[in-house]
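What follows is a set of structures for review.
Here chain A shows up in two complexes: once beside chain B, once beside chain C.
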Partner chain A sequence: MIGGSAGSFQVVASILGSLPKNYELPIFLCLHRLKHVRTGFVEVLSLKSAIPVIEPYDKEPIKPGRAYLAPANYHMYIELGNKFALSTEAPLNHSRPSIDLSFVTAAQVYRNKLVGIILSGANKDGAYGLKKVAEYGGTTIVQDPNTCEVRTMTEAALQMGNVNHIFSIDKIASFVANLKAI
Partner chain B sequence: MTNDNSYSLTSPIAAEIGIVEYRSVIRAISETYGYDFSEFALTSMKRRIENFISAFNLRSVEALIDRLKNDKQYFQTFLKSISVESTEMFRDPSFWRTLRDQLLPLILSKVARPRVWFPTCVSGDELYTFCIVLSESNWLDKFEIIATYSNDLSLKQIQSGQFDGHKYDVSSDNYERYQGNGKIRDHFISAEIKFQRNTSLIKNVHFIKQNVNFDNSPTDVKLIIFRNQMLYFTQPLQDKVLTKLYNSLGQGGFIAIGVKEQMGMISSKYFRAINESENIFKKI
Partner chain C sequence: MTIEDIDIQYFVTALKNSSGYDFSEYSEKSLKRRLAKVLMDNKMELNQLVTEIKKNVSFAEKVVKEITVNTTELFRDPFIWQMLRYKVLPTLQDNKIINIWHAGCSTGQEVYSMMILLNELGMLEKARIFGTDINSDVLDIARKGIYKYRFNIGYLDNFDKVIKENPYNYEKFNDIPYSKYFEIDKVKDFMRMHPFLTEKPTYKKHDLVRDENIFFNKFDIILCRNVIIYFNYNLQNRVFNLFSNSLYQGGFLLLGMHETILGPMSASFDKKENIYIKK
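== the complex of A and B ==
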């Protein structure tokens, strides 16, 4: 699961672009975006991605080999039973979708099988969520703040502690591309 | 703003509760009050109960159950705070434009005084938005509007015109994109400090109390607006509720659901999509 905000688009694009076509895992993207723009984002990401990019519907089953993008103005939760649950509950850290909420719900379901990644961004959303990923035994990665357009989000995540790797953009892309289903 | 470079440790999920504890709360509510939340979507419901426990400084799940069982008034407060409010007014401006420019004229051309139903109102944002749409087209007396609610505190909030000021700016931006006749400010009595909507917009709305099982639903409805409410149901409950809403719709009636919600199992049998991007369906 990848969280990002300002300055994360190019990073996400290079991660998705470097995946093998037969990628075995689902990828979840929780990126801050304009809440009133419903279309366009997923189409642009699709152009760069080696696997299909989808904005899930509520209760849509999760399938491997797809990248799922949190829809505008909804929180995206991972629900027990291998599906999504969307929510219009209040914003958290001024954000809906909230990276913290996506990460926490994913951590509770996937536990040590989850990899949480925080990218460039202009607020502190995601730091708490990444800490929870670590507490549930998952792997945590933060983009090297020196490679970020905006470093606030990654620095907040690093301050929370429990970060396994600080990676450059290329290193994140190759790490994700080489992950295999357990 | 405080200068907080270190991220506050106040967690977004203050008191994490286990699934067994969660189920014990749901069971206690069902046994004491007959409200069945067992088929509500787990993650969001659990989170709202967790938020309630921390907001009301309860020591434990047992303490919550104890208060709920022994204090009816407290249970009402609990019900209100676990209901999810709509996020803003004029959410999805293109939906409201579609209503104003296409769907409502179509319905008006076929029936005199068509009945419109807003099930399970919590903050009334969708209801007020609809009434503004009607008011600006001079249609307010051309529709019969029914709003059902399950909690007295919700009714009070809606009828008083009270509005959460945090939602004002986004609602106002939405209104601009909707391209209304004026400014959203025109429909507020006060848009500073204490935000007050103009309650004359809803003066002809019939409010009916309804339990969570959708008993005593209205009939012969021409349009149901039920957006982003099924998100909080499991799929079996979504199907049950949709079946009830289907039965409330008159011949050729319409229903709008949230843009990221699905009709699920019963869609092809009961409904035909007439606008896929705004998720508006027609009863077959």
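== the complex of A and C ==
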């Protein structure tokens, strides 16, 4: 699961572009976007991605080999039973989708099988969520702040502690591409 | 935001026994989160909350109001309203009566959106508008039709897209003033719907989990947007069944942008773009 905000779009594009076509895992993307930019995001990411990029419907079953992007203005939860649940309840820390909420719910479901990644961003959303990923036994990665367009989000995540890897963009991409289903 | 480790079952059972409200088939993660928020807002531990719910039905009612989600906008997702205006509503032009049910209408913004569209098409007179929600407080707000101005400035952008612009013909621009439908007071920070709109709908308290169609008619259109996301798959199916039984053949069901009929009930509808049509 990847969380990002300002400056993360290109990073996500290069991660998705580096995947093999027969990628075995689902990838979850929780990215902040401008309130009124509600369309076009999926299309642009799809052009770069080796696997299909989808904004999931509520209760849609999660399948491997797809990149799921949290829809604009919805929180995206992972429910037991391998399904999404969307919500329009109030933004958390001014964010909807909230990276924290996606990370926490994914951590509860996938536990040690979850890899949480925080990318460039201009606020602190995701730091709490990444800490929870670690607490549930998952792997935590933060983009090297020196390679970020905006460092705030990665620095907040690093301050929370429990970060396994600090990686450059290329390193994140190759790490994700080489993950296998367990 | 501690949504882990809350014993949701304990709460759900107490609430059901005390008040009859059944949250056992709500989506679990968001219910947990909102329960955590209710506990925080009331400065209570779960034990205290449950004890209070058991001995005090009006407290249980208050908790239900706090735990349900009321997010809505005027012309939320303008693209949907443009479709309604140019593709859906014109097909009902020759009906003598048009029955419309806003299920889970919250504070009424979509009820007003619909009435404004109908009025632009000269169809408001013959429309009968019904709004329901589980929370009677939001229905009171809907009846008044008064909304904050500054916080909701996006409503005006949405209005422009749906009412002034025509996405199917960019040369047609209708310069319709907001004052045709609502008054804006920037100093007192409100917008207020005009009486010919506030007086029109029938609002009733209704719980999609427990209640059948409480009106003595079927519907041409049912709008239920961003409500069923709070329900699990089984409950969603039951609600779709209720909607299917409450719609005329050829009637329209509008869900939220990321809601869809996934289960067996999908066989009862055709889907055109984002709109379901009862078979």
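The working rule: the second predicted complex is superposed on the first by the 182 of 182 C-alpha atoms of A that agree within 3 Å, B and C clash if a C-alpha of one lies under 4 Å from a C-alpha of the other, contacts with A are read in each partner's own complex, and residues count from 1 in each chain.
We take it that contacts are C-beta pairs under 8 Å (C-beta built on N, C-alpha and C of every residue); 3 or more make two chains touch, one makes a residue touch a chain.
Everything numeric in this text was worked out from a predicted model, so none of it was measured.
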Clash-or-fit label for the pair chain B, chain C on chain A: clash
Touching partner for A:I141 - first (chain B), second (chain C), both, neither: neither
Touched partner set for A:L80, first chain B, second chain C, both or neither: both
Which of chain B and chain C A:A156 touches, first, second, both or neither: first
First (chain B), second (chain C), both or neither touched by A:A127: first
Residues of chain A at both interfaces, chain B in one complex, chain C in the other: 35-36, 38, 55-60, 71, 74, 77-80, 85-90, 92, 100-101, 104-105, 128
Complex contacts: residues of chain B adjacent to chain A: 6-7, 11-13, 41-44, 47-48, 84-87, 91-93, 170, 173-174, 177, 228, 230-232, 234-235, 238, 258-262, 264
Chain A residues touching chain B - in the complex, by the definition given at the top: 35-36, 38, 55-60, 71, 73-74, 77-80, 85-90, 92-93, 96, 98, 100-101, 104-105, 124, 127-128, 156, 159-160
Footprint of chain C on chain A - complex, ascending: 35-36, 38, 55-60, 71, 74-75, 77-80, 83, 85-90, 92, 100-101, 104-105, 108, 128, 132
Chain A partner contacts - residues on chain C that touch it in the complex: 1, 3-4, 27-30, 33-34, 69, 71, 77, 154, 157, 226, 228-230, 232-233, 236, 256-260, 262
